[in-house]
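First the structure, which I've put down as structure tokens, then a few questions once you've had a look.
Labels for the chains are A, B, C and D, by order of writing; each one numbers its residues from 1.
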Amino acid sequence: MLKEYDIMQVPNLKIHGRIEKPSSPLPLFGTHSGIEVNCTGSELWVDVECEYDFHDVWVAGEVNRALMFRQMLMPGKNSICLFRSMIPGQVKNVRFYRELQAMSDNPEIFLKVTGLRTDGEFLPVSEKKYKFEFIGDSITSGEGSYGAREDTEWLAMYMSSSRTYVNMIERMMDADCRSISQGGWGVYTGWDNNRSHNIPRVYDRVCGLAPGPENEAMGSFKPYDFSSWVPDAIIVNLGTNDASAFNLPALEVPGHGLCKMRKDETTGIRNPEDEKKIFDAEIAFLKLLRQKNPTSHILWVYGMLGNDLEGVITGALSEYSKQTGDGNVAYLALPDTTEETVGSHSHPGYKSHLVAARVLGKYLSEKFNVPYREKQGNL
Amino acid sequence: MLKEYDIMQVPNLKIHGRIEKPSSPLPLFGTHSGIEVNCTGSELWVDVECEYDFHDVWVAGEVNRALMFRQMLMPGKNSICLFRSMIPGQVKNVRFYRELQAMSDNPEIFLKVTGLRTDGEFLPVSEKKYKFEFIGDSITSGEGSYGAREDTEWLAMYMSSSRTYVNMIERMMDADCRSISQGGWGVYTGWDNNRSHNIPRVYDRVCGLAPGPENEAMGSFKPYDFSSWVPDAIIVNLGTNDASAFNLPALEVPGHGLCKMRKDETTGIRNPEDEKKIFDAEIAFLKLLRQKNPTSHILWVYGMLGNDLEGVITGALSEYSKQTGDGNVAYLALPDTTEETVGSHSHPGYKSHLVAARVLGKYLSEKFNVPYREKQGNL
Amino acid sequence: MLKEYDIMQVPNLKIHGRIEKPSSPLPLFGTHSGIEVNCTGSELWVDVECEYDFHDVWVAGEVNRALMFRQMLMPGKNSICLFRSMIPGQVKNVRFYRELQAMSDNPEIFLKVTGLRTDGEFLPVSEKKYKFEFIGDSITSGEGSYGAREDTEWLAMYMSSSRTYVNMIERMMDADCRSISQGGWGVYTGWDNNRSHNIPRVYDRVCGLAPGPENEAMGSFKPYDFSSWVPDAIIVNLGTNDASAFNLPALEVPGHGLCKMRKDETTGIRNPEDEKKIFDAEIAFLKLLRQKNPTSHILWVYGMLGNDLEGVITGALSEYSKQTGDGNVAYLALPDTTEETVGSHSHPGYKSHLVAARVLGKYLSEKFNVPYREKQGNL
Amino acid sequence: MLKEYDIMQVPNLKIHGRIEKPSSPLPLFGTHSGIEVNCTGSELWVDVECEYDFHDVWVAGEVNRALMFRQMLMPGKNSICLFRSMIPGQVKNVRFYRELQAMSDNPEIFLKVTGLRTDGEFLPVSEKKYKFEFIGDSITSGEGSYGAREDTEWLAMYMSSSRTYVNMIERMMDADCRSISQGGWGVYTGWDNNRSHNIPRVYDRVCGLAPGPENEAMGSFKPYDFSSWVPDAIIVNLGTNDASAFNLPALEVPGHGLCKMRKDETTGIRNPEDEKKIFDAEIAFLKLLRQKNPTSHILWVYGMLGNDLEGVITGALSEYSKQTGDGNVAYLALPDTTEETVGSHSHPGYKSHLVAARVLGKYLSEKFNVPYREKQGNL
């Protein structure tokens, strides 16, 4: 017989991802947000509710940190089996998480967990020694991590959390990781010269990327309590869309007028004044990050889809340190996506995320003295 | 508006896996059996029906040969979205297949496809230039290809077709592949000295591994028409369980008495008379394969979980050629599973299957002059 | 009994590297210049003469395209065994080549081959289907391809031709390759702002990088006859030192005054006027290359030690094509050297050259339809 | 001005490889034997003397553990520059070692070091934390680690110490390693059924593989003092030639009569009595190793050229432990050489040695808690 638990009544429930405060139902606002339990049952089910229209909501489940399922939800209520027919009394570590990023243009989309059902007990879940916060764009939202190379539509099914470098770092370093990411957004401007598509603008909200009445009612736009989860490191993977903006046409943006990052159309040399705007935005974002996270190591990573702005990023990091005396920031180049590692929609594939995770894992291993170990044969 | 098609009314439907004859509903008897369509719709759904008790039935779906979903079915009827929100008019190649092997000890288990629903059309699906038939045991049934290394239960969720070397060869070489495989079975004896657990005994049936009234009613135990699908190569991956039997205690097997493959318990040297039984069974199986498949190249592969019997296998291949004058047989050693590549339940993990697929792919490439190409970043 | 041949009397001698005309002794002016024979003897020796002072001259030998020896020469005459105790009558393909680049600041250095000694015959050496010319800096001169990571002196022993991507391409694609390269030099300026250290200035000489009375007497400064060896592709790997110049102090250069590539010292953003000078120099060099090599494919490769100037290079290639209508030029990004692949003196190590060769090999394979195949276990 | 030192007068000289006692000249009897110094000079030379006839003597040199040269010696006296033009006062770690194995059939061959010349001082060389002794055959003698895949002669130039897994382990684990190895020999019989070609017979001599008046005068056949260098682990890589003997014709061996390891010529199944001889020889060798090395971990590794006898080896290890109660022995499978990793003469190439070193390094890392780290880009 399975016993039914309201999600807020589940003993020892571990919540992944930013929320305003624990509540029932529990919102999963963005990519990689989810729940984790240690369950002794022979069987475990999760009950969720979601809505969507064009872009469907996908979820994934892991048992003992190995991926078991990945599937699309149906609109409305869904019951999903997390495991069954297992030996009762033994502890199974189970995660259930959102694959789809927060969708800033789709107020109709939401996903919430209502309860769990099992024939066993919920034992305490270990506190991880390290916490890492990831801030990024479509790369961090796993766009392209599923799908064939020739697939070029912009679809939810090509995005994931399960196959991102964030999840790999989390698994391989036995850490807790959160992601704040949005495809197309930058540190100063979106890829299409949309000036309002910059992550710093929403960083201090619970999830400023999840609009709509359902999400807002669950607290997505509320100020975020930075003391509730103090990251040991913040990994910023922004700049790719800022660089794209130099190559795209001007865009009329409400409140910002006609926006365009300029370059010399003959030589391709970028306009130094516009580069300077990114430089300044980076320094301002570093100051904001430090204000909200006084003790965290801040690491800017870059390069998985070209590195045109590497000089601007490293320059801004130096200048920020000079201005503030803050030495707890660093830069790490990530390997570029190649013909071998590209996924769908010209984005990093699974292999590219794996290559990036190894480089980043090595850095974090040395910084925090915790090993990065790949799970054997089933990545 | 979606139009509903009975599965036998779907134009240009391609069926994967052995069946007695096309019928509605369409049975998916064993691992990797499934359907394939080229669909122009913006949306496509599959309707299936299954039953199970202890061991659950899992399925997977691919779009343009990239894995999109993998999930457990619910007992009874299920409707699964294969894709949606895609550009209508463009062709999407879609596959839906069974992850779980035929379950020879579970007569209650079955899976059948009843229909498809779409707003588009079904265009012809390409005939592949090459057809490969795989014959094997738990390795070929993908046991261990999902799940963490420390997972040691015997569960359906750890088995797959999606992450096997069979599926990799099929994708990378643009071929059609079928599997006839059963965990624990051998060419002469099962891993536990069960003499009746040998694949040759069931090879000439449609699917002699799928018992039960539902499966039998759909033709599983009928003689198989070998002319319906002529493989260019037959890849036999057997011997691993025959070798295990030397290390396991004697077993009373109905119709066979007390069965035991003997070895010198001090030196570990195997009894030559018992080795000879395997040798003879291999030659007999080679003769059966050739009788049923006069034109196919027969390739015995071995080594993914040790290769204790390599000498016996290569010896049998030589002796078979000498006796029959048949030169169209060969042996290929596959790399052993290592601590790096092992999956769950001490079986080959995803990485081990990938390593094996590369070696086998290279062999088949040279044999048939067709390239083995890994899909870029999303394996 | 060995028979002694003056180098100009060796039947079927193949000469690698630019020379004014075949002569005895035969000068080996720059990196990878050498000789090749197909010899049927049981034994073969080469006699050479060299001089040097601070920087020693190194050579290497290959048998059937596998590296056998690499050693420092003694000043004066040296006799070196290329092979012995081999089966007479069988053909051995043997190469002997210079490891050390031409040394533009060391007029005392020279190396020349005087003769060969063998008990066999010299059979014809195959003409290769493709010829590739490489133009580069310290990367192409193999600096760092020998030596430990912590070695930071500037020494001849850390430079090679044997472990460069040039040699790898030559071997793996069965082509003939030549190198014109000089550490520290650029397309517009040297790494230290020395404006005269640009390869275009010396490109039309036999070897404008090899000064001194011995080299000049052997024709190093003579105009080069471009019709004598028509490359199918010219691979230009320049730009790395031009980028460095932005980070180094101003330099007084005779004939050029005080030279300095400027950047904003706060933001690190490069001065667009100075970037334009490199842009113009690239276009001018492309025009010179095309004038001298009307039929060659011109490929600019870049990125093994950072790619700050990638935009300038791709911009110049576009503008060149626009101005001239010449579409037979292309750009290829090479992977950056990483902590894993770096060699001595902060330069690309053997592994970095191998990674680059695979990327470049793939490009050339597709361009010229000739496979890139690594020699099995002994690279 | 260089100062000349007799080899026994060199302060802080470290000697690699077995010798009877330090003496001048210093013999280098077998593969990987050599000298190591930490020298502060700007320049260092080594003086050696050797003789040979058909098989030439090769040596190699490393600076700071990176290979710099590899070359054939001339018969008689040779002076070889180990480095020059380096910054005086800084310490350079330099090794000079023999590439060629001891040659048991060539009494005319010897190699000895007579002295060093430098303008600097010799500082102490670090004691390594761990010492490993390797016992093997042609694999451990590096046969095939140089040379092209198509090269099939049996020549000194294809053998090395520089590219073996022994040298890799030594470098990557910062250990001291010694090799006792001979191509074609086994633990019970040589590859051609020569019963006297077994390593156990010579194990307790200084170098029972180096005959001839010169070697004997320098103590090669003297009893070896096992207390002079106590290995932390003994790695035995034998069995490959014992397995070959089953496939080769009978051989008349003086003192042993007609020798032949038998197998069933039809089935290929090996004769259990002959397998038992190997089994017994292994147990006897383990007992001898333990008697001479009471504290060493004994590790039998196997598999780089097939693993037909794996069961016999693991059986013998079990039986030895049962008989003696000695639990300080273990077995480790090494990866088989593949088409990708094979070198010349059908032997493991450089890549195969690298693959083996990684597996063995991982084992030793865990056993002794010392990291295995590959030197960056220059292996």
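A few comments on the model shown:
Going forward, a contact is a pair of C-beta atoms (placed from the backbone, for glycine too) under 8 Å apart; a residue touches a chain by one contact, two chains touch by 3 or more.
This one's a predicted model, so the numbers in the text were calculated from it and none came from an experiment.
Considering every other chain in turn, none proves to be in contact with both chain C and chain D. Look at where the CA atoms of chain A average out and do the same for chain D: the two points lie 52 Å apart. One finds 46 Å separating the Cα centroids of chain A and chain C.
Multi-chain contact residues of chain B (touching two or more other chains) are listed as 339. Taken as a graph of touching chains, this assembly is arranged as a ring, one closed cycle with exactly two partners per chain.
Pairs of chains meeting the touch criterion: A-B, A-C, B-D, C-D. Of all residues in chain C, those touching chain D in their complex are 54-56, 63-72, 74, 81, 83-87, 144-151, 153, 155-157, 163, 337, 339-344, 348-352, 375-379. Interface residues of chain A, counted against chain C in their complex, comprise 264, 266-270, 272, 275-276, 279, 307-308, 310-312, 314-316, 318-319, 333, 335-336, 338-339, 359, 362.
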